[in-house]
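Read through the structures below before going on.
Okay, so chain A shows up in both of these, paired with chain B first and chain C after.
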Partner chain A sequence: MSDAAATLAQDRQKLEMSALSAPAVIFTVAMIAFPVVYTVWLGFQNFSSTGKQSFAGLANYSKLVSDYEFWHGLWVTIALYVLSLVLQLVFGVWLALVLFHAKRLPGIVRSLFISPFMMPPVVAGMMWLVILDPSLGAANYVLQTFGLPPSDWLASPTWVIPTVALIDSWQWTPYVALIVLGGLQSLPPSVYEAAQIDGASPFKTFQRITLPLLLPTIVTAAILRSVDLLRFFDIIYITTQGGPGNASNTLNIYGFRVGFEFFNIGYASALMLTLTAIVFGAVLAFNRLRGAVAW
Partner chain B sequence: MKARMLATHVALPVLAIAAASAQAHAADFEWMKFKGKTVTFLANNNPVAQALLTYKADFEKLTGMTLKVDGYQEQQMRQRLVTVMNANSDEVDVFMTLPSREGEQFAAAGWYGDLTTMAKTDVAKDYDPAGLSQALLKAATFGGKLTSMPMNIEGPIFYYRTDIFKKCGIEVPKTIKEVEAAAGKIKTCDSAVTPFVSRGLKPAIAYTFSNMLHNIGGTYIASGKSNLCSAKGKEALDTYSRLLRDFGPPGVVNYSFQQISALYRSGRAAMAFESSNELRTVMEGGARLKDTGLLPFPAGEAGQVPTTIGWGMAVSSRSKQPDAAWYFVQWATSPEVQKKMALQGIAPPRPSVAKDPEYRKWIDEEPVRKEWQAALDVLATKGSSEVGYPIVANPESREFIGQAVQDLILKQKPIEQACADADKALDALIAQK
Partner chain C sequence: MTDAANTDRWIRWLNLVQLVLAGIIIMAPTVWMVLSSFKPSFEVTAYPPALIFTPTLENYVELTRTTPFLSYALNSLIVTVGSTALGLLFGIPAAFAVSWTRISWPAILTLAARMAPGTLFLLPWYVMFRQVGMIGSYTALILSHAVITLPIVIWVLLPSFDGIPRSVFEAAQVDGCSVTRILWRIALPLVASGVAVSAILAFVFSWNYFLFALVLSNGDTKTLIAAAFNFIGEGSTQWGALMAAATLIALPPLVLAALVQRWLVSGLTLGAVKG
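Right, the complex of A and B next:
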């Protein structure tokens, strides 16, 4: 077979493969694109309380600027995000180090350590709602047993954000630990051997070798958790529904209520697209950071 | 939208026509008319639907139809409905609805099928549409169209611990002021119990607060404007929030019916203002069976104006088979089925069922059931179905009522500011068309 004929046959094969995979590709792209395009379109619509629809132009987006609940929701979202992410990264790295060095830890104990993130968030939310109930819950019982004052936990406007961050961190720290553990297991042993020969202390080894080498893995974990944390919904919906007052009313909760309880789908779409843009921004920022710390 | 139950002056002409027509058409009525069809029912997974669906097989046997149940928790059910209706989908034939909450909104959106004609032209001999609570039917009538048929009757009632009252030497309160006085005495007499508990969760507050507002003599709207800053409005806001702040459990701002029932059932609350529907939950385990008394909420300056609502069954305006759907609605709200549901603790919206000997026997088995029925009788005769603002944006109005109450419970605002902020937001809602 001449070269030209071989190239022709290859091209034909490529074309056939493309034609065969095209329906699946088109279907997948449509499934992703349609909801996005539809939401963008809804963001330009006005829905009355009765569902009557009219073109609103950019009115939904200009309404965001003067909407106190939007700015408050943004603040709550960011506060919850920063607090939860810091807790999960710090304790996730610590847990990963414990699991990495405790080689003799039985498999069942390792499984228990990482089990919370396998629990559906709704179940976790219900469980913590009962534990943290100021009257009937176990948390205050434990505090009072040790002579400490009881807390209102989820019912306190001051403590609700830290409490929700703690619940989410209880659930997702093991997930971060699992990612970091994978990173720890892939670190080159030769670097540690060199550090040992040079007489580096365990703290110096962690500070100068482990942490810098782990940074790309930690940033990856941060990206994955950022996407979830900025869209925080389930645990808040189960435990506080955005309260007390609007103290835990994240953008996602606010958008849900505007859309599904007050039926203003247009404004809810604008809120959700703004939140999507924030999520994209955070992911892009972390991606750049990952590039900077790669080794 | 005030609904004085069973008062003759509110009887709907449409029901009179329906009742007369029922006689005319009963002879032609054939339950097997839609044999082979499938009716989809969007249900709220609450005790009312659970009791009804116990008899699902009876419906299928009677009609030869298949009943497909799409069940969700209350808010998720509404989410599903919003999606289905906005998509103009015929996936749902029948759905559960609370006319007091979303009636105006759904009616204005055109989501309810008009049952007026069906109730006239296609009624079984024993259906007796005129035997249904006239006030609940009126509450479900918008723009002259009957939009749903009542499944139950319910409202917040006052649960109190007879043993604690006796121990502390307290008389059963007859007025709101006496409730507060009783709570004060219990606080000093038995510090281990919460003196008073009611709803403190923002979106849930309107259900119980409305009863207090109406008992005190307040109204939500006066001269087309929100009226929370009126003297009566402020008195209601102040009294409700003070009762919960000074005598309620810690964390009451997250309390809805689940937490209230759990607290009272566990013996850690002396008085609870909660739904009549919670009787079964409160009595679970039997610990509260012998030491609980029940009353409509004690009177204010305007007497007793209890909140009375009921779940309804509506036919979707998008349904391609409204006639078959109506058969299911009719079966589910028939005297026979409602009697069976009543024996499971679902208060019947038919006075005739409430008087049925078998039901009376069940009621007479326990004194607390007798008191429950007596309280429901007051709800049926004196009740108002106004929960939150009687406007299209009723669900949203409940947010602002709840916010004002929470602001006061948490001492985040003085009453003047809390009510003024609420009135400002509510005036904007009232102005919406």
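Right, the complex of A and C next:
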């Protein structure tokens, strides 16, 4: 084949490849890239209560700085995020170790363990709403059986955040566990054999060998959960709508309500862009951390 | 028996106890939901909660009688199947091209939807769909849900395509096969199981998605998940019907997930972990 013909064939192949990814790229630009640019523009607009639109400059952003609800929402978002992430990572690693030592996992057991995060978060919210009912719920009955005081759970401004974190952790801890289990199964068995010969205790082996080797996998799980936890929406919207009062009003819930209940599209856009920046910031930070713990 | 063997047995017992404990915590709420859905109305709210009761279907009958549950279910099915099909249609060729050329930005671009909060897209969509009168249309719902399904299809299929030896393609190329032909005739049959897993995962996450339908649907096109809110509003005294609704909504994703549980983990992490 001559050089010219080879180049022609290569060009043709390149063109065909572009044609293959074109639908996905065009769709994504139309549905995501363009709308996000549009949101940036909306963030500089003011929408009056009559629906009239006018240029507002940075007014939406200066409003955000002085908006008590924004700072409160940021605090709720971060509190819920940290609490849920810690719960899910700690119990996820524990559950992964338990599953790992069980060796043989029948398919039915595995199906059982993935069932919480395969069901819609909305359904999880519905069922926990009934279980956690302050006066007739099964949860308080269990507490009282063990001689513990009942709780108002989702109806208590103090306990609503831990309760929501608990519901989300019930749903997603098995997911973290399965990721960590994957990491455990890919560890070279030779490191354990060496530790066994050295007579290291199981706890020491875990602390000195397993945990450091698992860190990259744990950070990966943390990234995947961070993305979801920072934009927490479904369970809260179904159970409390941000209440009682504004006790569980995360930034995502607040932005949604500003946009679709008060129809202040401009301010909602500014709120959502800020939240998006926070999510991307967290992902970047964790990515760096993953680089630091890689082996 | 030696000390070591004794310790070993003891550790295995301890592990089993922990496994059972975890299983109970994971299963109990779901079991409670299903049990409550079969309780007669006076026993659902009984306190202390009743564990033994005569099961009845009255909650399910009540649900279909008092709410348009079946038409919501049909809406969910239309939106989910439509968005899954669209995700496969766009995602399969894109995943193939990314795997072949190693040019990964198209795949990474679609991931943006996985990271940003849904409301970020929903605000401009709402403004745009309203301008063209598409709020409440199946088209708007299917397009918005395809934003969820497309990255799932691409990222689940990428490792499958990567797993095909290059020589297979090169041989076909020498025979004069076009790239498109190679994809449909040679590559696709080789990754059929990957396509099945990606389709099921896309279906599950599209079915489960709440936010978009909450705003973009109307009374006629409301999906089950978006309608869940109505069941709660009406059901504060009707826990039985509420739990019947929750059970039925959760059933399709749970059944599908059980079918492919073995291959789910690597798919769920979008390739971040090789499970």
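We take it that the second predicted complex is superposed on the first by the 263 of 295 C-alpha atoms of A that agree within 3 Å, B and C clash if a C-alpha of one lies under 4 Å from a C-alpha of the other, contacts with A are read in each partner's own complex, and residues count from 1 in each chain.
To be clear about the criterion, a residue touches a chain if its C-beta (ideal position, glycine included) is under 8 Å from a C-beta of that chain, and two chains touch if they have at least 3 such contacts.
Just so it is clear, the structure is predicted and the values come from calculations on it, not from any experiment.
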Superposition on chain A - do chain B and chain C clash or fit: clash
Touching partner for A:Asn287 - first (chain B), second (chain C), both, neither: neither
First, second, both or neither for A:Ser54, with chain B first and chain C second: neither
Chain B versus chain C, judged by how many residues of chain A each one touches: C
First (chain B), second (chain C), both or neither touched by A:Ser62: neither
First (chain B), second (chain C), both or neither touched by A:Phe260: both
Partner chain(s) touched by A:Leu112 [first = chain B, second = chain C, both, neither]: second
Partner chain(s) touched by A:Pro244 [first = chain B, second = chain C, both, neither]: first
Partner chain in contact with A:Gln196 - chain B first, chain C second, else both or neither: neither
Which of chain B and chain C A:Gly183 touches, first, second, both or neither: second
Chain B versus chain C as contact partner of A:Pro121, first or second or both or neither: second
Where chain B runs into chain C (options 22-30, 58-66, 202-210 or 256-264): 256-264
Footprint overlap on chain A, where chain B in one structure and chain C in the other make contact: 135-136, 259-260, 265
List of chain A residues in touch with chain B within their complex: 48-52, 133-136, 140, 150, 152-157, 239-246, 257, 259-263, 265
Touching residues on chain B, where the partner in the complex is chain A: 75, 78-79, 82, 85-86, 105, 108-111, 194, 201-203, 249-254, 259, 262-263, 266, 268, 392-393, 395-396, 399, 403, 406-407, 410, 412, 432-433
Of all residues in chain C, those that touch chain A in their complex: 11-12, 15-16, 18-19, 22-23, 25-27, 29-30, 32-33, 36, 45, 47-49, 89-91, 93-94, 96-98, 100-101, 106, 109-110, 112-128, 143-144, 146-147, 150, 154, 178-180, 183, 204, 207-208, 210-211, 214-215, 225, 228-229, 231-232, 239, 242-243, 245-246, 249-250, 253-254, 257-258, 261-262, 264-266, 268-270, 272-275
Chain C partner contacts - residues on chain A that touch it in the complex: 13-14, 16-21, 23-25, 27-29, 31-36, 38-39, 42, 94-95, 98-99, 101-102, 107, 109-116, 118-124, 126-131, 135-136, 138, 141, 170, 174-175, 178-179, 181-183, 186, 202, 217, 220, 223-224, 227, 230-231, 233-234, 237-238, 252, 255-256, 259-260, 265, 268-269, 272-273, 275-276, 279-280, 283
